[in-house]
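There are two complexes below, and they share chain A, which is joined by chain B in the first and by chain C in the second.
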Partner chain A sequence: MAVKKLSKDKVKEALQELTKFRLIAPAKSDEVVIFKQIENPDEAYLEYGNSTVPPKRVVFPQTETLFRFLRGSPELKEKDVEEEGTTVIFGLRPCDARAMAIVDRLFSWDYEDPYYLKRRQLTTLVGLACVEPPSVNCFCTSLGGSPFGTEGLDILLTDMGDHYLVQALTEKGEKLQETLSAHLEDAPAGDEKKAEELAAAAEGKIARSINTEGIPEKLPTLWEHELWKKVSAACLGCGICTFLCPTCHCFDIQDEVEETGEGRRARMWDSCMFSEYTLHASGHNPRPTRRERTRNRISHKYSYYPKRFEVIACVGCGRCINLCPVNIDILEILEQVVDAS
Partner chain B sequence: MVDIEKLREIAREIISRDDVRQLIGYRQGTYGFRARPAFVTDPGEVDKLIFSPACVNNLATYITLEERLPVPRGQEPDLRKVAVMVKGCDSRALVQQMEEKAYERERILVLGIPCTGVVDMDKVEKRFPGVLARGEIVLEGDKFLLTYDGKEEEVAKGELLADKCTRCRYPTPLVYDQLLDEEVARFADDDYADVEALEKRSAEEKWAYWEEKFSRCIRCYSCRNVCPMCYCEDCVLDRLNPQWMRRSVDVSENTAYHIARAYHLAGRCIQCGECQRVCPVDIPLMELNRKFYKDVEELYDYEPGTNAEAPPLLSTFKVDDREDFIM
Partner chain C sequence: MKNPYIPYEVKIEEAWYETPGDRCIKTFKVTFADEKVWDDWSHLPGQCAMVGIPGVGESMFCISSSPTEKGYLRFSIMKMGKNTSALHELEAGDSFYVRGPLGNNFPLEEWKGKNVITIGGGIGQAPLRPVIQWIRDNRDDFGELTVIYGARTSADHCFKPEFEDLGSCGDACCHLAVDVEEEGWPHFVGFVPTLLMEVSPSPENAIAVTCGPPIMIKFVLENLEKLGFAPEQVYTTLENRMKCGIGKCGRCNVGHLYVCKDGPVFSYSQLKEIPEAFA
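Let's look at the complex of A and B:
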């Protein structure tokens, strides 16, 4: 399909068109940028760096009902994800889309997760290229991503100043582009070349990096290494690094029952940094301190996941570095892993 | 300002002592002018210690946060002291912890930093976007000096100072074994203007305001974990049976969480502001804490974390306690 342009003065009407779907876009809540469902195009805030909470929660909600039940009754009412309808996530960053592509492998592995996969199937991802890397701690290029990366995306938008260059990347993307055709024009000649130049320039602005070669194999050999104690010394054991990670996908399942006997089985995000995460019913915890929990966080992303799925479960978005209250820095930890002997 | 060479010299002496196990201070962060906690166990490591207006963390948290595993058979527990660097506000956390008998005074060695104020990183970021990542900031007299991209910029101190510092009553630590500089006189007082503004709102306005904030909460519990007063070994939030609070993240459960958190800190919060600083979604938690702080001061003439000998407010009863707010 031909590349198109979306003039900036037509963005609102295009978004209006998309509100016939469940439209999710970056929006401001006070000064915090979050992805949320928008009804009114004025709510969308596209001049953002990156959102604090990644858009993973659109396809993997922090809390979701799996089914409802009545105590004493054998009948269950399963959740029908279909009811949420077709969804468009508009303006997410390439790293966050790539993260979804990475997490897809887990949710479609030994057991096909119907809730997640159905939702993914219903969702079209319209990415917004990072002409300027949103953060000093971006390192997507070290993990095989890029500020203009297309993995996981259905459409890529590039800010060309007075308009966005619109490139459909998948069948889903072409279909959505078709839906928007009344608001799109032919892209000016030379736009694609200019976008390539912008992409190269953006990659050049990524300031931080790590050579991941050999890390997945080396990590298990450092199980009792003293580095884990050092790098976790300041850790508070909060859930910022995991909850705000676009690839972290651990969840807990709990039943919630009202006094009436009506209840639901719900799943909700869990964090391997929490003290009760691996707590056994016996009271024993195989990961008794933040040292073991930090080791697990890094090992899961950089060793267990690539061994099973052939891709590191980190996209280099930098959120865990930016938002850690005590400046625990995953790149510094990885450098220590590389240097350790 | 604290003389860094003097700080390192004192730290070297302390960590060389036989009865000291660890010294908790600050060191340079991994990028920009971020500072971070430093855990020193060896005299060779003291040269990384710093103090600057970027040293925002309240290190008193680590005294109670430290994990103590059962001592293996045949080994003795390590009872040596932990030395900790504290600013005025942070020292009040130590005082309050000791007031609550969290540990004995002999367990810690306190390096007091008479504090002239720390920066609010969000204010710097807002005024100089991106600069945090590639610049330096120092306090000179009543001005912050920012150096970045070969440029120098002077900003009046009040503009970048953390809110808590603009109303700090105790810049000099209230407990210490050694003071790292001359005492700093109180340079501000608290008029509770922000709390009064909040009090004047109608119930509907307050609900709309907090509903928006609490709906953003992701329940990462960083506000709990960073708090030097949240040191229960068995937190009500982690309990599964009975489960006092659901893990579901929605505005109702989030509100319940924040009400519980604020109530558990009534008469205990020492206003270090760490909960609000670390919140990734900018929930103004100090507004709740400060409302309680003001109430406690007005009703009982009590300020948490100012007198280690005083009995904790909410575990005492006096027959002449004011009761006019009880229906």
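Let's look at the complex of A and C:
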């Protein structure tokens, strides 16, 4: 399908068109930007860097019902994800789309997770290329991503100044582009070349990096290394590095019952940085301190995940660095891993 | 897409206490409320299931019956936390819910023709019971069966009537132990790893399987090595806190392996490579 342009003065009407679906876009919420469902195009905020909470919450909600039940009744009522309807996530960053492509492997591995996978099928991802790096701590290019990366995306938008260049990447993307055809025009000649130049320039603006070669194999050999004590010493165990990570996918399952006897089994984000996460009913805890928990967080992302799924479970979005209350920096940890002997 | 989070209702046919005390063990013999579930259900010794009650929660337990025991499943559960306490309240005629079978199994096909030694401690006998039962029900496929089992006191022994039967019918050579001397106890007094050395099984054409408290497993593994067992001849099961049981929720990993999905059965040669395995 031909590349198109979406003039900036037509963005609102295009978004209006998309509200016939469940439209999710970046929006300001107090001091931060989050992805939320929008009914009114004015709510969308596309001039953003990156969202504080990654859009993973759209396909993997912070809390979601698995099934409902009535105490004493054998009937279990499964949550039907289809009811949520066709969804468009508009304006997400390439790293966050790539994160979904990475997490897809976990949720479709062996057992298929129906809640996540149905939502993914129902969702079209419209990405917004990073002409400028959203943060000083971006390092996507070290992990196989890029500011203009398309992995996981159905459409890529590039900010060309007075308009967006619209490139459909998948069948889903083409279908959505079709839906928007009334608001799109042919892309100006030379736009694609200009976008390539912007992409190359954007890569050059990524300030931080790590050479990941050899890290997955090296990590298990550093099991008892003193570095784990050092890098976890300041950790408060707040879990923000995992909650705000676009590839972290761990969850808890809890039952909730109301006085009426109606209840639900729900799953909710959990964090390997919490002591309860691995606590046995006997009181024994195989990861009793933040040293073991930090070691597991880094090892899971950079060693265990690639061992099973052939990709590192980190996209270099920089959120865990930007938002850690005690300035723990995953790149500094990885540097120590590289230097350790 | 089949939903692996939706459990099946099971009806309790019989329930009885194996052991007394605060941490008593209760066995439930159950069958599916919907008989059609049996058409889709097939498990092997070592496999597990998520067992629970909607409104309380669920936890992972080994299926303590062998698939050769048709028409029912057994679970032997120690009263420990919220979910197990709620399960212990249930009696014959009551229901609970089961998701499974989950995890891998003991490779009994590969053990055909070999001598099998099971070494259990306390509730650790629960995953070994289906192995023993499977061998008894396919007796000609295996060599000698040696069963070594110990608990704190004779009252803490699970499956007592079955051990009596097992020893007397000649299917296996049974060696029982209690930790401390007690009146009228005719068998070994001491810990299971010591009893193992006393029995001193030959490693030749043999497989050793051990389940029990971590400290017992640690010394049993050491002693098996002393007896000449190679790591690939030795199997054990691991346990960790679990939620999903299907390799998604993250928490039960030891190194790159998920206990719920890649386990619970591991060979010692596999675990030797994983520093976290016995954490």
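We take it that the second predicted complex is superposed on the first by the 341 of 341 C-alpha atoms of A that agree within 3 Å, B and C clash if a C-alpha of one lies under 4 Å from a C-alpha of the other, contacts with A are read in each partner's own complex, and residues count from 1 in each chain.
By definition in this document, contacts are C-beta pairs under 8 Å (C-beta built on N, C-alpha and C of every residue); 3 or more make two chains touch, one makes a residue touch a chain.
Everything numeric in this text was worked out from a predicted model, so none of it was measured.
Student: Mind checking the superposed model to see whether chain B and chain C fit together on chain A or clash?
Tutor: Partners fit side by side after overlay.
Student: Kindly classify A:Ala2 by the partners it touches after superposition: chain B alone (first), chain C alone (second), both, or neither?
Tutor: In the superposition, A:Ala2 touches no partner, neither chain B nor chain C.
Student: First (chain B), second (chain C), both or neither: which does A:Ser275 touch?
Tutor: The answer is first: A:Ser275 touches chain B but not chain C.
Student: Looking at the overlay, does A:Arg265 come into contact with chain B only (first), chain C only (second), both, or neither?
Tutor: Touch partner of A:Arg265: chain C, not chain B.
Student: Identify the partner contact of A:Val53: answer first if only chain B is touched, second if only chain C is, both if each is, neither if none is.
Tutor: After superposing on A, A:Val53 lies in contact with chain B but is clear of chain C.
Student: Is A:Asp255 contacted by the first partner chain B, the second partner chain C, both or neither?
Tutor: second
Student: If we overlay the two complexes on their shared chain A, which of chain B and chain C does A:Ile34 touch? Say first, second, both or neither.
Tutor: First partner only, chain B.
Student: Looking at the overlay, does A:Ala234 come into contact with chain B only (first), chain C only (second), both, or neither?
Tutor: First partner only.
Student: Draw lines from the C-alpha centre of chain A to the C-alpha centres of chain B and chain C: what angle do they form, to the nearest 10°?
Tutor: 90
Student: Counting only touches as set out at the top, which of chain B and chain C does A:Pro286 meet: first, second, both, neither?
Tutor: After superposing on A, A:Pro286 lies in contact with chain C but is clear of chain B.
Student: So after superposition, what is the minimum Cα distance from chain B to chain C, given in Å?
Tutor: Once the two complexes are overlaid, chain B and chain C approach no closer than 7 Å between C-alpha atoms.
Student: If you lay the two complexes on top of each other, which residues of chain A touch chain B in one and chain C in the other?
Tutor: In chain A, positions 252, 254 sit in both the chain B and chain C interfaces.
Student: For chain A, which residues are in contact with chain B within the complex?
Tutor: The contact residues of chain A facing chain B are 29-32, 34, 52-53, 62-63, 136-137, 208, 230, 233-234, 236-240, 243-244, 252, 254, 256, 266, 268-269, 271, 274-276, 288-290, 321, 323, 325-327, 329, 331-332.
Student: Which bits of chain A are touching chain C when the two form their complex?
Tutor: Those in contact with chain C are residues 66-67, 69, 71, 74, 76, 78, 106-107, 109-115, 117-118, 220, 223-224, 249-255, 257, 263, 265, 267, 270, 272, 277-282, 286-287, 292, 296, 299-300, 303-304, 307-308.
Student: For a test of understanding, state which residues of chain C touch chain A in their complex under the given definition.
Tutor: 1-7, 9, 33, 54-59, 80-81, 84, 95, 239-241, 243-244, 246-251, 253-256, 261, 275-276, 279
Student: If you look only at chain B, which of its residues touch chain A in the complex?
Tutor: For this pair, the touching residues of chain B are 29-32, 34-37, 39, 57, 61-62, 65, 67, 69, 130, 132-134, 212-213, 215-216, 218-222, 224-226, 238, 240, 243, 246-250, 274, 277-278, 280-282.
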